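Please go over the structures that come below.
In what comes next, chain A is part of two complexes: it sits with chain B in the first one and with chain C in the second one.
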Partner chain A sequence: MAAATTDDTGLRRGRFAPYGLLSPGIIWLLLFFLVPVVMLVKASLSTKPSRFADPEFAWDFSNYTSALSEYSPEFLRSFLYAGTATVLAILVGYPLAYWIATCGGRWKNFLIGLVVVPFFTSYLIRTIAWTSILQDDGPVTALYRLLPWVGSDGRILATPLAVIGGLTYNFISFMILPIYVSLEKIDFRLTEAAADLGSTPWRAFRKVVLPLSMPGVFAGSLLVFIPAAGDYLNARYLGSPQTSMIGTVVQNKFLVQFDYPQAAALSLVLMVIITAMVLIYSRFLGTEGLAV
Partner chain B sequence: MTNRVSRRNFLVSTAALSGLAVGSTALAACGGSEESGSSTTAAGGAADTLTFDNWTLYIDKPNDDLFGEGGTLAEFQKATGIKVDYTEGINDNNELFAKIQPLLSKGDPIGATIIAPTYWMAGRLLQLDWLDQLPLSEIPNAANLIQSLQNPPNDPTGEYSLPWQSGMAGIAYNQAVTGRELTTMDDMWDPAFRGKIGMLTEMRDTIGLIAMSLGIDLANPDDQDYQPAFAKLEEEVANGQIRQFTGNDYVDDLEQGNYAACIGWSGDVAQLSVSNPDIKFVVPESGGTLWFDTMVIPKGASAEQIQAAGKFMNFVYDPVNAARITETVQYISPVQGVQEELRKMGGEAAALADNPLLFPDASTLARLQTWGTISEEKEQQMDEEFARISGA
Partner chain C sequence: MGDGKVAEATILLDAVTKRFGDYVAVEQADFAIARGEFFSMLGPSGCGKTTTLRMIAGFETPTSGRILLEGRDVSDTPPYKRDVNTVFQNYALFPHMSIFDNVAFGLRTAKVPADQVRTRVMDMLDVVRLPDMADRRPNQLSGGQQQRIALARALVNHPAALLLDEPLGALDLKLRQVMQLELKRIQRDVGITFIFVTHDQEEALTMSDRIAVMTQGRVDQIGTPTEIYHTPATPFVAGFIGTANLLPVTVVSQTGDDVTVETRLGGQCTVSSAGTTYAPGSEVTLMVRPERLVPAGAPLHGTGSGASIRAIVTSMVFQGPVVRCQVRTEAGADLVAHLGPEDDPGSFPVGSEMEMTWSHDGAYLVPEPIAADEAGVTSMEDDQTAA
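Presenting the complex of A and B:
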């Protein structure tokens, strides 16, 4: 009987131990995710009696209708730019990660270090530095103007090209790293096996390596797309009034116009749309592999 | 929305005009707001200290030290025994407001005894009844305030604010790109400069200059309709004439030739033109705006602190001390007699005394206008309209 009792307490202890271990994480999520989201929802349903007064909760849904009716161009542009930047980051980042993982040899860590090096400089400075590189009278723009469809007065700055380029540049490391990690784990003898069974190298890549590295592509896409969709610095410094993104609007609503309810509603709409897009995306690529 | 921080940084760091330097000043601009976060939390303070939260690089710093020998803050301490807790936390007027609004609306002190918002923000704080009266009996030197800034619309009785520094907004242009001199706002809309014109994110400067070019007055905004100015702005954005809306970072675009011309601030051009004589500044014939940052005492300070603040204001309104500040920051000083003091100092300081950007002549001054107080409702409409057009 005594043994059964100890067994029982052991079991009970065992039952609660996971929760004990989880509690820092749960408290963190409650404090820094759930509480802010609830506050955001509350703010988004509030009205302001006057411009400089504190918002009052009022079940006011008009902030949502105006968020969608007035700012749909900015939303569309944000997703278009962020989506394009994500695709570009895959196109540039995947081959690079693949090369480092397969040909890097003992230089692997060094090469991955190089990918991270830009992070040693502030995000803002990296973005502003592009205005010097792409200046109208600079060599890059001079080369760009040689393209047949660009006129002699063509420019890169203050165009969607510069904004998308900036987003791609600023977030591409977040694409390279997860792809590298997933490629690194692949046992490349599988491609030899595929070759033994008569597969061409391209087919072996497409049927074996690419599917196995998809979790990395999926994780990288999220890490690039989500911050890029809410970004405003690239649009601010590299764009023009015609390229403003939803982050620009939220920043202005919050800090210039003190329209907290509208800013909160815009932020929530952005969150909901991104979540929906991520869920749809995960349907296609699958998330099971992420845990591996 | 950026502000004058880098502009001020820029003034002092003209030696380094590289893209990297501009980048690092922008970084400093970012750090600024965080610094002030800690400075404003320290509420109260002993009677023999005084807290002044100001914009970045807006006072003399002998040998890079705020309290360096011979500097204004050190001299003030020597003269009065009061040590100024001086912070450079103001980064942007709206950001400042967002930070102090929750405290002042509840009647809590913000920690700083003196802050230096721009005149229209000072007017807003006064309208909200968040300011204490200045101890004018402690400030006999307030009589040195230059004529043009006396009894401004944001503080008609002059009992709540004293200007710190002042400047002009007008047309800044790169003659190497324009190939000619510009004198009017219509010059900015010359199709030859399509895509090479910049505007400021400061609504009052951008809309102000356009409104004046359309003959609309700025002194009594509530009686005026600024729709024509917004319509003009929208037209020039839509047809691609206007390339971008920026804060202080326009200096970079102007130097690099990305801009032919833009609305800019006198202080920047005063410094830029030293290294690049092609960069020019002109107050358009139709008029430019005159702005000033102003010292105010938000409610919540103790009687001792208010008195100490008065002593400090009196000190910096002494032309000798004011000239020392002007020598460094190179803005228009609100204190009479600074020009003479600069001449006495000789050397480079004396040259500043003859700089029309620091001491504009009578015909320029006559073309400058300062915005009257805009009602809460109208300001909201204008901010919204401006944000819509500028793509924010």
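Presenting the complex of A and C:
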């Protein structure tokens, strides 16, 4: 009888163990994700008669309509810049990750360490550092002005080029690391098999290595595109009012104008659009690629 | 090597040597593989057999010498321009493709029209007896099935030669035996030259038309399974293929086909010369296979009277069809005899003295000496048990 009781509690404990393990994560998500989102939704539907008045909940959807009508250029610019930065990060990051994974040898971990080194300096400091690197009377701009299509008054700072460059620079590590991990997992004897079956090195790469590394490219794209689309630091320090992104607007609404309802609506619209884009992207790339 | 033989050959290795730094992986490999032949390269790990195969496939370039494929020098041709296909040791199936796409890979690379690709792939899946697996992924298949798909993926391209790098190594014993017969059947059906690399002598004996036995980068002997088993060229070959009792002997005299040799203890016996001329005084090795060694008085396995040797029984192990009887000679060499029921193993208790004998044609002279401490029984099976 006593044995039966012990068994019973053991069984019960076993049944609840998974929930016990899950609970810290669930509590975390409830407190720091769900509650803020609910507050954000509530704020986005409020009105705020004056700058210093408290927002009042009023089912006011005008925040959304004005968010879309007034700030669609910023939205478009955000996605254009973030998208371009993501593509650039792939073009620069993939060959680098490939080189480290295939030719790194015993230096692999050291080289991957170098990719992470910039994180030891604050994101803000690094971005501000670029303003002096790219300043109008600096050597980089001087070189840039030598390009045939750039006039003698051409500048990098305060242009889309600087903002996109800054975004690419700041997030490229998040592209390199997942691509490296997926390349590292590939059995390169598969390229031998492809060569054996008549494939040139380029075809073997396209048909075998590239598809097998797509999960890394996919993960890297999300890790670069999502934060880049909502970023405001690069647009603020490296750009101009003409290059402001949606993050700049949200930051301005929240912290300068205290227009919480409008800022909340803008944030939620950004969230929904990014989620939709990610879903389309994952459908387009195929979930099967992620399963490998 | 005559020109006629070169024309016949699918593959010709002309004094091929491969060095990795100071390490000589393959030394002066010089042989031809005929069209439609099942040719095995057999040897322990590190003997250079896989390096030789990789040079034929194009993954390694010879340091010196030439490799001819269908009469054309391909020594410096990259793998994708060679008309050979490989079945890899780990199969190397493309994990992100279906079985159909895996098998179709080579044909599509060669831009074969889609309808032909379909028929040829499905025909080949029939040949390897897995026609229903076309839509599966490699990870949904068992090891034996993946093995067959790797075979289909290579064979579907109708290569001049199929290279197999220890393809059965990962399979369990039963499946390996089934696949050995399967491979032989498929090779007969498609009529393509197979070059098979293995360290398993039984596998090589079962399937091959000819075997090249390699050790330390050198080819010791090339011959049919029978030649290699019965007339080994070196003591290494004798011990590597099956089990062999090897005794260091000195040639005393030769009369026609009969060679008289003397053992270290002064006993003499007469052995067939098998066409070789021996100078008196030369050091050679006498080989007697365990199944030819019988207790004195028992019926001899073979013809003609041979010789006998006195020994103490050290172990007697029942192994099913035979009883493995190990004895130690007065010179201290361990010999093994396989006794059958007619030899009445029960009458030789461990520790008793026993006279072992063999027929005239039961012994063979290996024309190379062995060291005294290498005398006695050698076999890969013993090594494998010890390892």
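The rule is simple: the second predicted complex is superposed on the first by the 268 of 292 C-alpha atoms of A that agree within 3 Å, B and C clash if a C-alpha of one lies under 4 Å from a C-alpha of the other, contacts with A are read in each partner's own complex, and residues count from 1 in each chain.
The rule is short, and it goes like this: a residue touches a chain if its C-beta (ideal position, glycine included) is under 8 Å from a C-beta of that chain, and two chains touch if they have at least 3 such contacts.
Everything numeric in this text was worked out from a predicted model, so none of it was measured.
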Looking at the overlay on chain A, is there a clash between chain B and chain C, or do the two fit?
fit
Of the partners chain B and chain C, which touch A:Ile280 in the superposed model: first, second, both, neither?
neither
Chain B versus chain C as contact partner of A:Leu21, first or second or both or neither
neither
Looking at the overlay, what does A:Leu124 touch: chain B (first), chain C (second), both, or neither?
first
Check whether A:Asp187 is in contact with chain B, with chain C, with both or with neither, and answer first, second, both or neither.
second
With both complexes superposed on chain A, which partner does A:Gly198 reach: first (chain B), second (chain C), both or neither?
second
Once both structures sit on chain A, report the angle chain B, chain A, chain C from C-alpha centres, rounded to the nearest 10 degrees.
150
Taking the superposition on A as described, I'd like to know which of chain B and chain C A:Leu147 touches: first, second, both or neither.
neither
Is A:Ser132 contacted by the first partner chain B, the second partner chain C, both or neither?
first
Chain touching more of chain A, residue-wise (chain B, chain C)
B
For A:Val208, using the defined touch cut-off, is the partner it touches chain B, chain C, both, or neither? Pick first, second, both or neither.
second
State whether A:Asn252 touches chain B only (first), chain C only (second), both chains, or neither.
first
Please provide the least distance in Å between a C-alpha atom of chain B and a C-alpha atom of chain C in the combined superposition.
47
Pick out the shared contact residues on chain A: the ones touching chain B in one complex and chain C in the other.
none
As the complex stands, chain B meets chain A at residues 1, 19-20, 22-24, 26-27, 30, 92, 94-95, 97-98, 101-102, 105, 124, 128, 195-196, 237, 242-245, 249, 252-253, 256-258, 376-377, 379-380, 383-384, 387, 389-392
Which of the residues in chain C end up touching chain A in this complex?
57-59, 78-80, 84-86, 88, 90, 92-96, 105-106, 109-110, 153-154, 157
Residue ranges of chain A in contact with chain C within the complex:
187, 189-190, 192-200, 203, 207-208, 211-212, 288-289, 292
For the complex, give me every residue of chain A touching chain B.
50-54, 122, 124-125, 128-129, 131-132, 135-138, 153, 155, 157-158, 237, 239-244, 248-249, 251-258
